[in-house]
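Both of the next two complexes hold subunit A, though its partner changes from subunit B to subunit C.
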Partner chain A sequence: MPEGTLCNKKTVNTVEELHALLADKSGKVYYDEMNSLEIDRAALKATLQKTCKSRIRTWLEICAHCGMCADSCFFYMANNRDPRQVPSYKIQSTLGQIVKRNGDVDNAFMQMVMDTAWGKCTCCNRCGMYCPFGIDMGIMFGYLRGLCFSQGFVPWELKIGSGMHRIYQAQMDVTSEDWVDTCQWMAEENEEDWPGLEIPVDKENADIMYTVNAREPKHYPEDLAEAAILFHLAGENWTVPSVGWEETSLAMFAGDWDACRIQVQSVYDAMERLKPKRMVVTECGHAYRATVIEGPYWAGLKSGKTPVPSFHYVEWVAEALRTGKLKIDPAKRIKEPVTYQDSCNYIRNAGLKECAREIMSYIAEDFREMSPCKEHNFCCGGGGGMNGLGRYREQRNIGLKVKRDQILATGAKLVISPCHNCWDAIRDMEEIYHVGIRWSFLKPILLKMVIVPDHLKPDE
Partner chain B sequence: MPEVDFQGSKFVVDEDGFIDSYENWSEGWVQYVKTQEGIDELNEEHRKVITMLREYYEKNGIAPMVRVLSKVTGFKLKHIYELFPSGPGKGACKMAGLPKPTGCV
Partner chain C sequence: MYELVTGPLAWLAFAVFFIGVIARIVLYIKGLDWKLDRVTYTVNVSYGIRGALRSIFVWLFPFGTHSWRSYPFMTILVFTFHIGILITPVFLIAHNVMLWERWGIRLWTIPEPVADILTIAVMVSAVFLILRRIALPEVRILTTAYDYLVIAIAVLPFFTGYMAHIQAPDYRFWLILHILSGEIMLVAIPFTKLSHFVNFFLSRGQLGMDFGIKRGGMKNKGLAW
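Up next is the complex of A and B:
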């Protein structure tokens, strides 16, 4: 059975394998090899038998092809209502066919499936809200990605991403030593402005165990410093784990379920080891979904809950503002029109819409809702891993038009975006369409307007 | 892949505007990215960052963490952002001819 050296059915488990993939710029060799990749039909059939249970089979069968899901999909809207972008069509023509043919599919078909599962769907789950039968195509596409991954049909960047999780328990090559060093560095660099600032590592029984996205220590460490300063100002008893600090899961986007379990277990082990009262995750949507919503099932936790109660950053901010742990200087509130990007992963899929509104009521004088908003909001356009996939850049950029028009219709030029993925998508949208929009996480905005207690101010 | 023309030189770039190959990097590319990134004047400090990124990439096949960049150059994080406003993972890597970092960047 032909297998490429880079594109194959094996998972990436060593640094050498990872570097071989990284050296293949843009996955040129990888995608060439994919053209010769054979399907292991027996394995695919066995996987279907074992994992494609009644819920998915029922969903596939009861779809009435009514088309109610069509307008719910931003790809359908952005592509001039192309019928090939109707969610029910996209899933019936891929997973539906694999099930119907009981795995008897060929290479060209599987490449089409891959290009649909990653290039025409961000697993935002919006269509599921509009299906009269409650069929959730986002869930099915997630499952379909797993089938693709098991056969080696996964975008190059996500093969790398899931390999990173397997090797480093992080989506990037950041070791525990690198992470702890970065925490110390950020505390030191900011100590002058914030006397007594600390990033406590491995403190047991803290009130909060804080976890992040690996991109923060790797490329954007200021995010970690900002989180530390805000916890410091709020007087929180907090810590970060030296191991199990990474909450994201490119493995989830890749459909590498084993790597999902490995990754999330590292965070749960940190919870068990440090015994914090609760866990708070940074401003990341999919990290929250992976670790708090889906993770307990990957880890086999029968309760369906994380070992300690887990919160998204917006929940902590809303609470800190409500209880007065963080106080806003009214003169410094945002005066200009400002809107809020509801992240699919913690708003639609976890119900945190009111936290976002509560925060905006404290920090903004002219908050403008997008239309639609809250759980009905459209995906930023780059979710589900799509922002990072070069093969689908053109499709992503077309999809961004829906979010662009939604933002412009609010009249606001500033978008608060407490999700890395949404933040990146809006940044890229501005680079591509030049519409004069600015974007920000909550942390830098809060730091500009929070009242600093006298005892925490630096000596003159 | 798309091509860009800059002052008589042609560069092939990927879908995110990063140069197609590390080997094709040149001074002309640096000048091109400088205009893209809105950097007025390239000084010795910009050069130091670029050199460090290229040396690290040659050895490790991947971009370094910002912490490593700061240690080797001696620049504080704030200063790295002053040099490269779009950030070390994006603008600086692009100028140094590295590929766009994979993952959520």
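Up next is the complex of A and C:
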């Protein structure tokens, strides 16, 4: 069975394999090799037999073809109501056909499937809320991505991403040493302004074990410093693990379920090792979804819960504001109109809408909801890995129009976006459409308005 | 012929219907897998039940969900169609007379004019459902011949029953066709998309459990469907 050297059914498990992929600029050779990648029909058939059970088969079978999912999809709306963007059509013409043909499909078909699964769906799960039968096409696209991955049909960046998780247990090449160094660096860099500031590594029995997105130590270390300062101001007894600090999962976007398990297991091992009372995750949507919501299942935890209770950053902030651990200076609250980007992964798919509203009630004087909002909010346009995929950049940019119009309709020029993917998508939207908006995570906003207790102020 | 369709064929149709429907329920539940579906069905049971019931209940009411409210015309069509289909055959006087004659049991009945209205409403809404399939590009692209066949199977008993009821010429022909088409519908339920007769509840319940147990149900008051 012919396989490419880069594009194949094998997973990436060594640094050499990873570097070979990275050296192939924009995946040119990779996608070239994909054209001659053969399908292992027997394996596909066996996988369907083993993993495609009554839930998905029933969904595919009973779909009444009513089209009520159409308007729920931002891709459908952004593409001038192109019927080929109707969620039901997208899933029936891909997974539906694979199941119907019991895996008897060819290369051209699988490439179309890949382009649909990653280029026309962000797995935001909004369509599932609009189907009278409760058919969640986002879940099916997630499953379909797994089938594609197992056959080698996965976008180049995500093959790399899942390899990163397999090798570094992080979405980027950040080693444990790099991470611990960054923690020390950030603590030292800020201790003058914040006497007593620490980033305690591997402290046992802390109240909070804080975990992050690898982009933070790699590209935005000040985010880590801001988190440390806020924990410091709130008087939290907290720590970060030297290993198992990464929450994200490009493996989830890729459909590499084994890498998903490896990744979350590293975090759960850190929980077992350090025995914190609870875990708090940084301002990232899919990281929370992967490690807190879906992760226990990949790791085979029968409770469906993480080894210690886990919280998204917005839950911690809401609690800190509610209990007075963090106090806001009323004079410094946001005066201008401001809106909030509900991330699909921790709002729709994890139920944290009220935390977001509670936070906004403390920090903003003119908070404007998008319409629709909360669990009905549209995807930012960059979810499900979409932001990082060169092959689908154009589709992504078209999709951003829905979020752009939603934001503009609020009249707000500032968007609070406690999710890396949403944050990126909104940044790119501004770059492309020049609508004159600003966007921010919570941490820098909070730091600007939080009251610093006298005993924590630097000596003049 | 009348003896055949009201005797052995009727027994056969009802047997296939009941056994088929029970089999669908059993197979669906047996095919649920906590690890593959990523829902702990048997661990966080109370959250699961709450999520499932909410997910089913709100969708049973016209305009009860965001989706129903987004498509008012479709919502009216769907509810008219289904209320007629479910109420009419069970509570029709003529059907209950037969039940009484054969087994000495009967249910509540609806007045004949109401049955007439419901029957016509089923047929009219079916026509609009078909027109909608043809007119809207987002529905047209999904539509296959099978979708029309399913509508035909569901509506034929009403059309033929109505013809028999208004004593159209060839009463006996319409009556036998009515009984036959009713039997076809019963048999079709477990084997076609009409299985949503039970799968609606199973699928809605499953997604409700998913949201109720895993996707936020333990941290909030429940999804606003």
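What we mean here is this: the second predicted complex is superposed on the first by the 460 of 460 C-alpha atoms of A that agree within 3 Å, B and C clash if a C-alpha of one lies under 4 Å from a C-alpha of the other, contacts with A are read in each partner's own complex, and residues count from 1 in each chain.
FYI, a contact is a pair of C-beta atoms (placed from the backbone, for glycine too) under 8 Å apart; a residue touches a chain by one contact, two chains touch by 3 or more.
Nothing here was measured: the structure is a model prediction, and the numbers come from that model.
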Q) Sharing subunit A, do subunit B and subunit C clash or fit in the superposition? A) fit
Q) Now for A:251: first (subunit B), second (subunit C), both, or neither, which partner does it touch? A) neither
Q) So, A:157: does it touch subunit B (first), subunit C (second), both, or neither? A) first
Q | Per-residue contact with subunit A, leading partner among subunit C and subunit B | A | C
Q: Go through the superposed model and pick first if A:105 touches only subunit B, second if only subunit C, both, or neither.
A: neither
(Q) Just checking: does A:219 make contact with subunit B only, subunit C only, both, or neither of them? Give me first, second, both or neither. (A) first
Q.
On the A-aligned overlay, A:25 touches which partner chain: subunit B = first, subunit C = second, or both, or neither?
A. first
Q.
Going by the contact rule set out at the top, does A:128 touch subunit B (first), subunit C (second), both, or neither?
A. second
(Q) Quick one: is A:294 in contact with subunit B, with subunit C, with both, or with neither? Answer first, second, both or neither. (A) second
Q | Minimum Cα separation, subunit C to subunit B, after superposition on A (Å) | A | 23
**Q.** Those residues of subunit A which subunit B touches in one complex and subunit C touches in the other
**A.** none
Q: Would you mind writing out the residues of subunit A in touch with subunit C in their complex?
A: 51, 53-55, 57-59, 61-68, 70-72, 76, 81, 83-84, 86, 88-89, 92, 128-136, 293-294, 297, 300, 302-304, 348-354, 372, 374-376
**Q.** Complex interface listing, subunit A residues touching subunit B
**A.** 19, 22-23, 25-26, 157, 160-161, 164, 171-174, 178, 181-182, 185-186, 189, 213-215, 217-222, 225, 248, 250, 387-388, 390, 393-394, 420-421, 424
Q) In their shared complex, at which residues does subunit B touch subunit A? A) 14-16, 20-22, 61-62, 65-67, 70, 76-78, 81, 87-90, 99-105
Q: Going by the contact rule at the top, pick out the subunit C residues touching subunit A in the complex.
A: 27-40, 43-44, 55, 59, 66-68, 70-71, 74, 78, 133, 136-144, 147, 193, 195-196, 199-200, 202-204, 206-208, 210-211, 213-220, 223-225
